[in-house]
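The letters A, B, C, D, E and F name the chains in turn, as written, and every chain counts its residues from 1.
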């Protein structure tokens, strides 16, 4: 089989699988459905692994759909382009879907009969959306697959209809993300008006020609940039577009959370980086400095908001969701450096984070399964009996904090080093965010699984979401955790470790990052020219400062967690906490109107920032 | 003449869209949305996009209002059920 | 005339967003989202228009006649389908939310905060 | 520029306009009456546009609206009737 | 945030956005301009493939992958609505009540239903020739069935609506679309390549794969919309909370 | 200008006038009942007249038949839906008076 044919196949396989499951699902017994879904997810993993293996480390696989290969640099078709980062992210999505399907074998109280097979079918559609978004080289096609993963994700988030909170979270998710997607489409319309093209490479080339023809930089490009990136930035939960994320991720079924936090949000960052690089990084686009400053500011803000909001959470899934916000900020910082090293760091970080975060959500699912609660305070000490689960949870927390040699630690180290070149204070952000998010999760782990410290007192002032009274996701509470529910998180953590231990992974992603930032190569290879050799791949391996900073953030996390656990209950909160955290928490009001208002504010801020720097 | 038609259709669309966004009550908004569907279809035809106009007619004048009204009907029924737990409709 | 259609598209977008921000009823909010979306239709079709041309449907037209841009029309068709299906999904969420929460006023949805 | 297009423009401006006047305010029943007439007038405008642009294939639009508009109106009457019970 | 604070914040931001949009609009090529490189290529490509309706050519041939994604969104939304609007544990179904309609309305509905079906079928069948196509026709077909609800009542609609078959048809059509692409792949021409015989321009059988995909989309949209509306109708008419009286 | 075109124009003007009259009545006349009275004949008359005008202009053939069918559909559909709307209005008024 041709390498280029693997690209559309990777999207078509899950789509076909969804149709087959929807038709046969109601006629098959539960194990048959599970087997079918697993087989299909595995087939796509195989397809994408083959694609990854066959993509040259510094090159791309290009597939013009419908056979509309370009003539004279022009085509009327849609193109799929896979480089190592795109294919790698698609592969990550496929692997996580496979993990989730296996995790849900014994877990999910899936309605049978008329609706049998619908849940795995939706998962496969979700996979098709993510893979399509990661592989496409066409702006409108990206919008379509963006909406595909969005629409399916709204339905999956609101899956537990007997509880009000999933519905509310799904609605906020749906409204905010759809509004952002339409803003993106407006931006696509502006770009089409200027260039008359839809392919990323073609738009980029046409913008450059426009500039070469003597037209200066103008506001149109700025507005188009901001609008087009609105969709991916909202999907990536960049502050102040992040409000929907904790609402949705806290309440979605645990297997779905594994996908949402593990890879869907990261796809938003990927979309930002890809669209900026191919479309706007040329002479007709925006100056790198302006973009770097704007995105760095957004990344730092996101990281800090996520970390600060993560710490006081008591609802475990909401805590994990805010930690995702924090880490997304870090990924965005890495990508915003606009150099291969930062991107390589983010790529490794994303791979490691996916394993750790998905594992943590999976383990939280065990708690929900057994105790019908994910409340840190309510579960205090109750899960002592689940030793293995507790051990895995603590390992996951340490991985989140950036403990070497986990993949998260490696990614953090590489990104930190790259960021250090641009601003000496940026590594401090990485350490602080890792420590706060890892520390919060560790604190929860120590309390819930270890029963350490006294039971925390209630704080009447905090507008908190508790984790009590969750609808359990299965119908037999109190059973032993089924094997897949522990095996899958364990394997995911092992994967996180492997990313940091196997030198091949980092090297491949670093080469992929070099290819990713090679804009001329992308344009040439997509539009049918001869690609020039890409620049040298950055180093993506452990260094002494990286290990030390990783240990530092882990130590900080452990220190924070133990301090919090040891603290006497009922002691007054400090003044600093009152002036920083409480107002920030109040902003997370759960109100839809606020979210849309913040969306507009974010757009206005980006417009102002970019225009000022032009 | 085409320009005049375009301006008329655009104005109708703008006015209807603004009203639709400002209409607070869902049933009334559904009527305005159906209006918006008609105006958009008219605009699309003037802009020489008959295929799009056909879609908009189907979605705007039939499907969307039906969806909204069915939702409102369900919501209303729930309200009645909440007020009179022993009686519906 | 040369910018009027674009301005109308922008106006519709802002009107839709205003409706979303001030909405007191989730069904109405979903309707406002549909309004905001219609701005994309207007913009795209205005971009694809060419004065003096007609629709690129050649069943009753000589093949050398000037025609408007077919690509944007295909995009808007896709957009309309996407909009309708997303509306349906959001409305089904509203239905269930009303049952479980007892209100469709977004201002009273305070189950998730902090 | 021909009589058909002029008629279409006049009907769109002075026909649909007043319908909007009624359709965008007032009670649902009033709005519905406006919508109903607007649908008829729009169908006619679509027919006129087909003739004015000399595109016979555009008549499909009016045909589609002629069958869909009553369905749309009846949706509303069905709902309002249910509400009044 | 208080309601006024939120509104002020929004209005300030919206003013910036509005200024940006106005500036962008003045820099766009003027309305009605003649620079459409992609559009011109698309027209030439569509005519070369014997497709009279270039929009159908773009939708089902040149950018067929977009439409595959779009149909998957529809398919996913139908599945999603099925899952979201399923019977909750504390709900049951009751029989739909008869609803009053004017006799003229009933008669009119009975006449209009076949006419609408015909129009819908016509729009689907001529998708590659004249305005219309799978989506537009599919919506008309689905609306036709629901005339039974609006001109009579839900019980009549349930009798004439083969829901189980439509459910399967929806999934099958979605799968068929994805599978049709494999033909081109197997022939080495690329996914979704139009390798079928192209026929004669402006004939029903022209344009090769376009006509086939068009038909699949027609089936999917018609059945998908009916199934989607069925879930909403069940909610609006039949499903009651167990506490509610039947 | 051939007699056929003159006839088409006359029919067009008549049809358009009927529709405009209906729209005007809708906007100007007070009270829901009066409005509905004015509405139905004008709409039922206007649409078929315009369709007829177009058919006359097109000349005999399939296209003209299609135009006439559309005109007929509009006339019947307009009338029936107007009746349905009228009944809803009457009910709403009655309910409001109660």
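Before moving on, here are some points about what is shown:
The working rule: contacts are C-beta pairs under 8 Å (C-beta built on N, C-alpha and C of every residue); 3 or more make two chains touch, one makes a residue touch a chain.
Predicted model only: the values in this text are computed from it and were never measured.
By the document's definition of touch, common neighbours of subunit C and subunit E comprise A, B, D. Counting steps between touching chains, the shortest path from subunit B to subunit D takes 1. Of all chains present, the one whose mean CA position sits nearest the global mean of protein CA atoms is C.
With chains reduced to the mean position of their C-alpha atoms, the one farthest from subunit B is A.
Ranking every chain by how far its Cα centroid lies from the centroid of subunit D, the top place goes to A. The leading chain pair by number of C-beta pairs in contact is A-E. Here the spacing of subunit D and subunit E, counted between their Cα centres, is 22 Å.
Taking each chain's centre as the mean of its C-alpha atoms, subunit C lies 20 Å from subunit D.
Mean C-alpha position of subunit A lies 57 Å from that of subunit F. Rounded to whole angstrom, the centroid-to-centroid distance between subunit A and subunit E, based on C-alpha atoms, equals 31 Å.
In subunit D, the residues that touch at least two other chains are 16-17, 32, 34, 53, 55-58, 60-61, 63-64, 67-71, 74-75, 77, 80-82. Along subunit B, residues 2, 23, 30, 48, 50-51, 53-55, 58-59, 62-63, 66-67, 71-74, 78, 89 each make contact with two or more other chains. Annotation for subunit C: residues touching 2 or more other chains are 1, 4-5, 13, 17-18, 21-23, 30, 36, 39, 46-49, 51, 54-55, 57, 59-60, 67-68, 71-73, 75, 77-78, 81-82, 85-86, 88-89, 91, 93-96, 99, 107. Pairwise chain contacts present here: A-C, A-E, B-C, B-D, B-E, C-D, C-E, D-E, D-F, E-F [touch as defined]. On the side of subunit D, the complex with subunit F involves touching residues 3-4, 7, 10-11, 14-19, 21-22, 27, 29-30, 32-34, 36-37, 40-41, 43-44, 47-48, 51, 56, 59, 62-63, 66-67, 69-70, 73-74, 77, 80-81, 84. Looking at the complex, you find that subunit A touches subunit E at residues 2, 4-5, 8-9, 11-12, 15-16, 18-20, 22-23, 63-68, 74-78, 111, 114-115, 118-119, 121-122, 125, 128-129, 132, 140-141, 144-145, 147-148, 151-152, 154-156, 158-159, 161-162, 190, 192-194, 196-198, 218-220, 222-224, 226, 587, 589, 591, 593-594, 596-597, 600-601, 603-605, 607-608, 611. Listing the residues of subunit B that touch subunit E in their complex gives 50-51, 53-55, 58-59, 62-63, 66-67, 70-71, 73-74, 77-78, 81, 85-89. If you check the complex, the residues on subunit D that touch subunit B are 1-2, 5-6, 8-9, 12-13, 16-17, 20, 23-24, 28, 31-32, 34-35, 38-39, 42, 45-46, 49, 53, 55, 57-58, 60-61, 64-65, 68-69, 71-72, 75-76, 79-80, 82-83, 85. Residues 101-102, 104-105, 108, 112, 115 of subunit E are the ones touching subunit F in the complex.
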